[in-house]
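Handing you this structure, nothing more for now.
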Amino acid sequence: MTTGAWICLWAPLAGALVITLLGTSITRAVAAWISTLSVFTAFAGAVVTFVGLLGRDHEEREVVTSAYTWLATPNFRVDLSLLVDPLSVTMMLIVSGVGGLIVLYSIGYMDGDPEERRYFAYMSLFVFSMLLLVQAGNFLLLLAGWGLVGLASYLLIGFWHERPEAVAAAKKAFVMNAFGDATMALAFFVLMWQTGTLNFLASFEGAAGLSQTAVNLVALGLLGGAVAKSAQIPLHTWLPDAMEGPTPVSALIHAATMVTAGVYLIVRAHPIFELAPSISDLAAGLGAITLLVAGLVALVQTDIKRVIAYSTMSQIGYMFLGAGLGAYGSAMFHLMTHAFFKALLFLAAGLVIHHLANEQDIRKMGGLRGVMPKTFIAFLIGSLALVGIPPLSGFFSKDSILASALASGGYGQVLFVAGLVGALLTGLYTFRLFFVVFLGEPSPFVREHTHDHAHGEGPWTMMWPVAILAVLSVVGGWLQIAGVWHPFGEWLDPIAFGREHLALVEPTVTQDYVTSVIAVALGLLGIYVAWMLYGARSRPVPRNAAVQDTLEHKFWFDELYDLIFYKPAVLLTRGLRRGVEEPLIGGSISGVSVGTRETAGVVGEAQTGYLRSYALAIALGVAILVVVFVSVQ
Amino acid sequence: MGDFLVWVIWFLAAAGCLGSGIAVITFTNPFYSALALIGNLGSLAVLFLLASAEFLAAAQVLVYAGAVMVMFLFVIAYLGDRSEGVRLSGGPNWVRVGAIVAATALLVEVIVVIGMAAGDRLSDPAKIQRSFGSPEEIGRLFLTDHLLAFEITSIVLLVAAVGGVVLGSRSRAEDELDEAEAARAGT
Amino acid sequence: MQGPDVLWYLVLAAILFSIGTAGVLLRRSPLIVLLSLEIMLNAANLALISFARLHGDHDGQIFALAVMAVAASEVVVGLGLIVAIARRRLDLDVDRLRVLRG
């Protein structure tokens, strides 16, 4: 069974290496298929591991397997080890499964790009990194995977590196994530110092004996990393810019997998977070704020991918909300369903973009329903799942989070209200997008580009993943029906540390039903309002200059960070360059040469050509030497 | 009485040394300087005798005063008028000052060193045989213990002889210069 | 020993040496410089002889003989140089002969 886990981990890396080493000796298509097959192999490995784990008893579902010892000192030891347990297997299945579908989709989407090989090598690298992150058996290996996914994200966002916007976006993502990496490293230092180990299980045990301050610091550091990676406020500004990358990249990295790594981290390290309740509450609060802010900003976006990006930010806010309150199972469930329908939405949007020759502005779109019927259906399914309309998957997962919030006391109930408002906003912005793009008469732009694609909406490599994801978006939620059937929650129970059930809070059946009803109602209300404004156009869109401005500037976060961080940094570097670099370091180099020449000029005066001055020098030298010899006696 | 005589001879020889030495460096005419040096060498030979170095005294007179100085006088005679020069330098002052400083410093230092380092041990000369410093002794040593020095010295002399011949030979340019001068003198 | 101590010989040698040094440094005619150089060498010889007498060892005298031979050779070469310079109608002035100026 652990062999499956190892195959799952190494297959994508092998794919990336093969593509890199073979270079241009293989065709672009071959490179693409190598990458796809490597990811599907990983999926196979994940399935094998899953089955193996199922065959075990409840208590035996945590297996640690080590490849070799990387560092062994008397006080501290780190192995290259994987932890195979229900949580990691869930993530493995999601990453490799959805990832495989997206890489397959890329074959069609990136067809014709001259640098396809590089793209697929990067994609395989990313899948490997993400798998490393979720399979790691200790914090150090997790940090390695964490950094590598950041790298892969940077490489893929900036894939079209001739575009300055893409390069800038890649840098922004990397730098912001570096901040999170730093806080995480600090947390690990504290953990290592206080408990002497970075292995998950051992450090959880050790953490129980730490002072509250120490635990808070560790949890805060972990939260910093999670917030950066998952694009929650305040470290969220990089995600919308990351849409500069190709659409499959946005689907895989910035919707389904990498941005969910923060949620995974909180769930994985939940014993530590439980020991630091103030930090957990902070996480939940940040999630709530993010889901509201992102939802509001999504209302004014005109780029199809950015709407979906803000939607991702918002949904991850829900996951943070759940994880922060202790509803780990619900958060993971939502993570899974979100992977399905968000990837579906991105890929469907990709079909649209591809069809319209890379146009992403929704103001130029309209009436695509008749032109791309299959895409229309796929997008509809994704949107409904996102808003949480039963019986689609989003309904079950989102509502379980909201119900847990309701059951979590006063603070939780405040967040519950925020979550409900978020549900309304979700319906509004999602269906604004849907109606604008698909309904009505085809716009002139659309008409121009329609006859280019006589062969249908896309090649099979693009259509089949969309179809599969659509099906998953529908049935995926049926793994857990509140109050009736909880296989998903029970599956994750073994990772609970020191107790029977994973979830800290169990909503009552009444709370479940009440939540569901209100949430669905609000979602439908949002859809209705969107219909009124954008579908049937029976009312004009309300415009308020101040609100519009704020939303369009994304609550001025970019401007704020520019002022606080970027400008002072630039001033500092300029000052250093003028004051230190040029005079001291540059000057010292030229100073050496100038000084040498001048010294040579001075010393050269001694070569007078006079016999007598030479003789004098000898005589004086002898005089001095005599003194030296005498005194040394 | 014998000791007193030795002291007198010693002082006379020493005075001769110093006087002729100063004469060498102060005379304008190099011919006179060379003659003064011969006097210096003679005084030194007397001092050598007093220090029981008979063979060396003889060698000094024969070789140094006899051969080397004669060579000097020959060259001075050959050069004639051109050999005269200014007594003291008109050159840079710092050379003069430095020279005096260096010379004085050396003198003082040597005396101080001798006084400090070896004051006691200098008043107790070893007992020697009558044959100390005789040609027989020197010769024996040259051909046994110090054979290498003997051989190398002979090579040095050979090299010097060759060098002298080479340096002294005429070159084409000089011949032409001489002819030009003779022609000018003739017309 | 009869007569002055070795110390007296050494002091005399030192004074002679200084005289020779002054001559080398102060005169401009190469001939006089050579003569002064001879004075210095002779002073060294005197010192060597004195020490040989002090220790009752002939080594100092042997050394002095070698010095004499070398001095003779050096005079040969030096005079050859002076003759060559004179033949080329150059000034016999040490301060003027500075082609080797660096």
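So that you can tell them apart, the chains are marked A, B and C in the order they are listed, and the count of residues begins at 1 in each.
Basically, contacts are C-beta pairs under 8 Å (C-beta built on N, C-alpha and C of every residue); 3 or more make two chains touch, one makes a residue touch a chain.
Given the structure is predicted, the values throughout are model-derived calculations rather than measurements.
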How is the touch graph of the chains shaped: line, ring, star, complete or other?
-> complete
Report which of B-C and A-C is connected by more C-beta pairs in contact.
-> B-C
Centre-to-centre on C-alpha atoms, which chain is most distant from chain C?
-> A
Dist(centroid_CA(chain A), centroid_CA(chain B)) in Å evaluates to 97
Computed distance of Cα centres, chain C from chain B, in Å | 5
Length of the line joining the C-alpha centres of chain A and chain C, rounded to whole Å | 92
Considering chain B alone, which of its residues make contact with at least two other chains?
-> 89, 91, 95, 98-99, 102-103, 106, 110
What are the residue numbers in chain C that touch two or more other chains?
-> 21, 25, 28, 95
Where chain A touches two or more other chains at once, the residues are 610, 612, 616, 619
Can you name the residues of chain A that touch chain B in the complex?
-> 610, 612-613, 616, 619-620, 622-623, 626-627, 630, 633
In the complex, the residues of chain C that touch chain A are 21, 24-25, 28, 33, 94-95, 97-102
Within their complex, state which residues of chain B touch chain C.
-> 2-3, 6-7, 9-10, 14, 17-18, 21-22, 24-25, 30, 33-34, 37, 40-41, 44, 47-48, 50-53, 55-56, 59-60, 63-64, 67-68, 71-72, 75-76, 78-79, 82-91, 95-96, 98-100, 102-104, 106-107, 110-111, 114, 119, 121-123, 125-128, 132-133, 137-138, 141-142, 146, 149, 153, 156-157, 159-161, 163-164, 166-168, 170, 173-174, 177
Please give the residue numbers of chain B that touch chain A in the complex, ascending.
-> 89, 91-92, 95, 98-99, 101-103, 105-106, 109-110, 112-113, 116-117
Across the complex, what residues on chain C touch chain B?
-> 1-12, 14-23, 25-29, 31-32, 34-36, 38-39, 42, 45-46, 49-50, 52-59, 61-62, 64-66, 68-77, 79-84, 86-89, 92-93, 95
